[in-house]
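Several structures are given next for inspection.
Both of the next two complexes hold subunit A, though its partner changes from subunit B to subunit C.
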Partner chain A sequence: MSKTITLNHITKIEGHAKLRIVVRKGKVARCELSSVEGSRYFEGIVKGRKFYEAHEMTSRICGICSCAHVIAAISAIEDALGYKASMQTKELRILMTLAERIRSHATHLYFLALPDYLGYDSALAMAPKYRNELKQALNLMKTGNGIIKILAARDLHPVSATIGGWLKLPEQEKMAEIGVLLEKALPDAISTCRLFFSLKYPDFSTKGDFFSLMQKGEYAVLDGKFGAGKSNFDKSEYRKFISEYHEPYTSANFVVRNKKRYFVGALARLNNNFGFLRENAKKMLKECPFTLPSTNPYHNNAAQAIELVHCIEHAIDICRNLHIKKEKVVKMKLRSGKGIGCIEVPRGTLWHEYTLDSKGVITNANIITPTAQNLLNMQEDIREILPSMLNRKKEDIILEVEKLIRSYDPCFSCSAHFLEVEWL
Partner chain B sequence: MALNMVKVFVFGNEFLSFDSMARRVSMHLPKDIEIVECRSPDEILDEEDLIILDVAKGIEKTAIIKSDKLKTRSIVTAHDFDLGFFLKLLNSIGKKKKVKIIAVPMEGDAKKIAGEVEECIRECCMC
Partner chain C sequence: MGKLKVGVYGITGCAGCQLSVIFNEDEILDIVELVDLRAFPFIKEVNPEEEFDCVIVEGLVADRGDLKTLKMLRRNSKMLVSLGACACTGCVPAYRSFTLKENYEHLLYRKMEEIKDVEPTPLDAHILVDHYIPGCPPEKKEILSFIKGLVRGSIPRPYQSPVCVECRQNGNTCLLDQGKPCLGPITAGGCHAVCINGGFECWGCRGPTEDMNLDLMVRMLRDRGFDDKFINDRLRTFAGLKLPMLEKVMSGKAHKTETTFRGVRVFYE
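And now, the complex of A and B:
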C-alpha cells in the first residue's frame, strides 16, 4: 500500500515551493522538492544590456535581498573590467550587506521560524505572550532598514552603490548616527541569541558539506575562497567545481559541488569562520548549547542569531573607523572579459557571473542563489528524516518537514520559489 | 484651520497604476502639510499619532477608516508584510497608536481626490 503526501503550499518561507513524497511499504519511494513559481529569466533579461545596468536590473530578483544582488553584480562587473574598488567603497558595501543581513535574519527568525518552536501558527498569534520579543524583532528590522536607507538612499533596491564607487557618500555624522542605532540594537541581538539557544532543536545530521567564503583573519563577507577547511577554491574556478542541473519536476536549478550536495548559509559561515567572530558574538558562542562545527541544519536558526550579534558589532566597527573622504565614482575603461562576484548574503553564498564584449555589453550571465545551492541538500535531508516520523500523524509530519525547510531560510522566489506536499 | 503641524504618512507604489493614487494625491495637498513617503511600515514604528494616506481596494469615494477594519493576510513570507499586518501587530504587542487611515480609491482625478483628502485631514485633526 502506498501513501502520498502533497504539501501544496509550504508556509513561512520566501516564495512558493511544493513537496511531493511517495511512501510505499513504509519506505520513502519518492521525495521531490520543487518550485511552483514561474522561471524568472533574469540571466536572459540582462543579456544585450550595458555593463552598468546589471546591478539595477538584478536587484529586482528579490526585495529582501536586493542589496545582495546589487553588490554581487557590481563585484562581478568590476572583476570583468579589471577594477579594484577603494577601501572606502568596499567598507560601505560590507556595511550595506551587513545591514541587509540584520534585517533579513531578524525577520526570518521572529516571524517565520520562531512560531514553529513556540507552537503558534503565526507571529500575530504569539504576540500577546511574546510582546517584548516581537518589539526586539521590529527594532532589529528597523535598524537594518534604517542603515540601508542612509547608505543606499532607499531601503529596497539601493541606488547609491554603483560600479566604480558610491554615488552619494554618507556624511560622517550619518555614519555616527548609524553607529548609535547599532549600539542600541546590540542588546536585542544578544537577547535573540539567548532565545534561540533556549529552543529545542530536533536531533538530525545532514550529509551535505558546509561551504562558505573563507578569508584569513575575517568572518568573510565579500572576499575569500569558497569551500570548507582546506577544501576550497578561488571564485574564478567556480565552473570547474560547481555545476547546475535541472529535474523534470521543478523549474528551480539544483547545484552540486563535484556532484555532491552542500549547505550554504549562516551555519556554514559559522562552522568555517567562528574564530573570527567579534567579541560579543564570541561570548554568545560560549553560551551556545551545541558545539561547532555542527552538522544539524536546524541549528542554522541559532547560527543566524549569533550572526545578528556579529553583524552588528562588525558594522559598529566600520562606523567608528571609516572616515568618509570625497571619492569620485571611477569611470571604467571598457574591455571584453568575464567577471565573477561571490559574496556572503543572508541565506548563503551568492554568485553572479557576467561576460562583457569590448563595448561593455553583457553577452552572457549566470546567477546562482543560495537557495538553489541548498535545494538538493534540503530535499535529501527531508528524504533522510522522513523514515523516523512516518508513524506520526500527517499534520505532524508536515509541520516537522516545514520546520526543517524553514531552518534553511530558503527563498524560492529567488531560486526560480514555498511548500506544497503531495502525499501519494 | 491651519494644517502646518500635520504630518501625513503616505503609502503606495508610484510605479504601479493600481497602487499609486495616494502618492499622486499627496502632490496636490497644501504645501504646509508634511508629507512622509513611506516605503516600509516600520517607518511608523515610533510615531504615536498617525494619519495614513493609502489606496483601498473596493471603495469609490475617499473615506476615513479605522485600523481594526483592515483585513490582514497571514504572513507566509517576508514579502508579505503590509500595513494591515503591521498595524495589527503593533496593536497586539501593546504599541497602540492613534491611527486614522484616509483611504482613497484606486482610480480617479488625483486633484479632485486631494480636495476630499484635505477635508478628511481636517476632520482627523478635530478628533
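And now, the complex of A and C:
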C-alpha cells in the first residue's frame, strides 16, 4: 500500500512552495519540499550595474525583509570598498533592522502561525473572538512600520539608507517619537510572549545545528562570527564552510555547512545569544515553558515572541542614547575587490557578496537567504516527524506538517533562485 | 445583494504588495468586512477558486505555473486588478529582459516542466487587466480607496500627473538640479513623492505617465553627465517593458512617444 500526500500550494507563507510525500509500506519513501516560485535571477541582473544601485534592486527580493536586503547589500559593498560606517549610521541601521524584525515577527506570529494553533482559517476569521489579540498584532506591525517610515521614508523597500551614510537623517524629535511608539508597544509584545508560551507545541527535536551570528556582549544584529558555541567562523571565510546544491524539483537551492544541514532564525539566535537579552526579555525567558537551548523547531514561534520584547527594548535604548549629528553621505573611493555582508534578519542569517571592478561596476554577486539555508533542515525534519503520525488522518498529518513548515517562518519568494549553483 | 466576492493572489513576486494590503493596520479589520474575501492564500488556509467579482493580483509572470494561475484567475473573475510594479510594468525582475544572458546563465539549471521559465512579463502581456494599482510598493491608502470604490461602484481614476507635481507641493528641492538622475518628470505620481522626501531620486517604479516626454528626459540626463548605458539601465529597471520606444529615442530617431501603460496593449498579444 502506498500513500501519496501532495500539497500543491502551501498557504500562509511568503512565496510559493509545494510538498510531496510518498509513503510505502509504512515507510516514508519520498519527501520533497520545493519552491515553485518563478525565478527572478537577482544575482544575474545586478551584474553590470553601479555599486550604488545594488541595494535598491536587491531590496525587491523580499517585501517583508526589504530593509534586510538593503542593509546587507550596503554592508557588502562598503566591505568591498574598505569603508567603515560611522557609529551613528550603524546605530540607525541596527534600529531599522530591529524595527523590521518587530513588524515581521508580529505578522508571522499572528497572521501566519497562530490560526493553526487556534483552529482558524485565517487571522481575519479570528477577529470576532480574538479582536484584542489582533489589535495587539496590528499595533506591533504599525510600530515597526512607523519606525522604518520615519527612518527611511518608506516601510517597504526603504530608501534613505545608503552607502556611506543616510540620505536624509531623522530629526532628533522624531527619535523621541519613535521612543514613545516603542514604549507603547512593549506591553503588547509581553502579552504576545505569554500567548505563545500558552500554546501546545508538538514534541520534536531536529538533528540540524543552530547557527547565528554571535558577538561578545550583544545580541548580535549586524556584526559577529557565524556558527554556534566555539564552532564559528568569520564572514570572509563563508565560501569555505557553506556550499549550495540544487535538485530539479525545486526552484531554490539547498545550503549546507560542511555537508551538514542547519537551522537559522529566531530560535538559533536565542539559543546562541540568550545571555545578552535585555531586562524584560530575560524576565519573559523565566516564564518560558521550555529551557534553552531548545532543539524543537516548533519553539521558533515562542523564540520570535521573546525577540519581539528584546528588539523593542534594544530599540528604546538606541532612541534614548542616539543624538543625531549632521553627517554628510561619504563619497566612496573606488577600488576593485570583493565584499561580504552578513547580518541577522527576521528569518535568520542573510549573506550578500559582491565583486566590484575598479570603476565601481558589479561584476559578480551571490546571495544566500535564511530560507535557503533552512530548506534542507525543513525537508528532513518533515521526513523525520512523519513516521510518528502515519496512522493519523491525512488532514491531521497535513496540518501538523504545515505547522512545522510555518514555524520556520519560511520565505519562498526570497529563497527562489538566486543562488549560484554548485553540483555536489 | 450579497457582498462582492474578492480574491487576493500573488504570483512570482516579493509578497510586498500583499503585505501592503495587510499593513493598513488601522483599517484592515473593517475593510475586509465590506467584501466577501474568499481567497487570500498568503494569509488564508482555505481558498475556493470559483466565480470572483474581483481578483487583485501581485507579481509578474516568470514561469509556466504563473501563467496557468493567471489564466485561471482571469477566467474565474469579472474583474482583474494588477497590484504593484511587477504586475503593472514587470518591475526589477523584468529588467532581466534587457541584461545579457551571460550575466545569469550560470544560474540556470534543469527544472521540471511546471516551473520552467517564461519571459518575465507584466500581467497585461498575457491577459486583459481592468485596473492598475502601480508602485513598488503600491500606496497602501490607494488599495483601500480602490476596495471602497469597488464596493460603492465607483472606482477611483488613476493619478496621472508626474511625481514632480507632488514633489514640489512637498517643498523638496529638485534632485535633477542637484545633478541626480531623478525620473520624476516622466513617472506617474500618486506616491506623494515619498522617495524624494526621503532624499532618494525617483527610479520610476509607478511606470511612465501617458503624456511623458521621454526625449526631454533623456536629454536632461545626458546634460548632467550620465552616459547612455547608465540612462538605459536606469530607465529600464522598473518599467523597461513599457518603454519600447526608448532605443529609438536614444538614437535620436523618435521624438514623440506613446506609452503602452495602463491598458493600451501595443506590443504583446
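The criterion applied here is as follows: the second predicted complex is superposed on the first by the 416 of 424 C-alpha atoms of A that agree within 3 Å, B and C clash if a C-alpha of one lies under 4 Å from a C-alpha of the other, contacts with A are read in each partner's own complex, and residues count from 1 in each chain.
The rule is simple: contacts are C-beta pairs under 8 Å (C-beta built on N, C-alpha and C of every residue); 3 or more make two chains touch, one makes a residue touch a chain.
Bear in mind that the values here come from a model prediction, so they are computed numbers and not experimental data.
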Combined model on subunit A where subunit B meets subunit C, clash or fit: clash
Contacts of A:Gly48 with subunit B and subunit C, given as first, second, both or neither: second
Contacts of A:Ser336 with subunit B and subunit C, given as first, second, both or neither: neither
Most subunit A residues touched (candidates subunit B, subunit C): C
First (subunit B), second (subunit C), both or neither touched by A:Leu167: second
Partner chain(s) touched by A:Phe111 [first = subunit B, second = subunit C, both, neither]: both
First, second, both or neither for A:Asn145, with subunit B first and subunit C second: both
First, second, both or neither for A:Val159, with subunit B first and subunit C second: second
Which superposed partner A:His246 touches (first subunit B, second subunit C, both, neither): second
Partner chain(s) touched by A:Pro128 [first = subunit B, second = subunit C, both, neither]: first
First (subunit B), second (subunit C), both or neither touched by A:Thr355: neither
Of the stretches 24-32, 96-104, 114-122 or 240-248 belonging to subunit C, the one that collides with subunit B: 24-32
Residues of subunit A that lie at the interface with subunit B and also at the interface with subunit C: 9, 11-15, 63-64, 107, 111-112, 121-124, 127, 131, 134, 138, 141-142, 145, 154-156, 413, 418
In the complex, subunit A residues that touch subunit B: 9, 11-15, 63-64, 104, 107-108, 111-112, 121-124, 127-128, 131, 134-135, 138, 141-142, 145, 154-156, 413, 418
Residue ranges of subunit C touching subunit A (in the complex, touch as defined): 10-20, 22-23, 25-26, 28-29, 32, 37, 40-47, 60-63, 65-66, 91-93, 95-96, 99-100, 103-107, 109-112, 114-115, 117, 120, 136-137, 194-195, 197-200, 203, 230, 233, 237
Residue ranges of subunit A in contact with subunit C within the complex: 9, 11-16, 36-45, 47-50, 53, 56-57, 60-64, 66, 103, 107, 111-112, 115, 121-124, 127, 131, 134, 138-139, 141-142, 145, 152-160, 162, 167-168, 246, 248-251, 411, 413-414, 416-421
Of all residues in subunit B, those that touch subunit A in their complex: 39-40, 42, 45, 72, 74-79, 81, 85, 88-89, 92-95
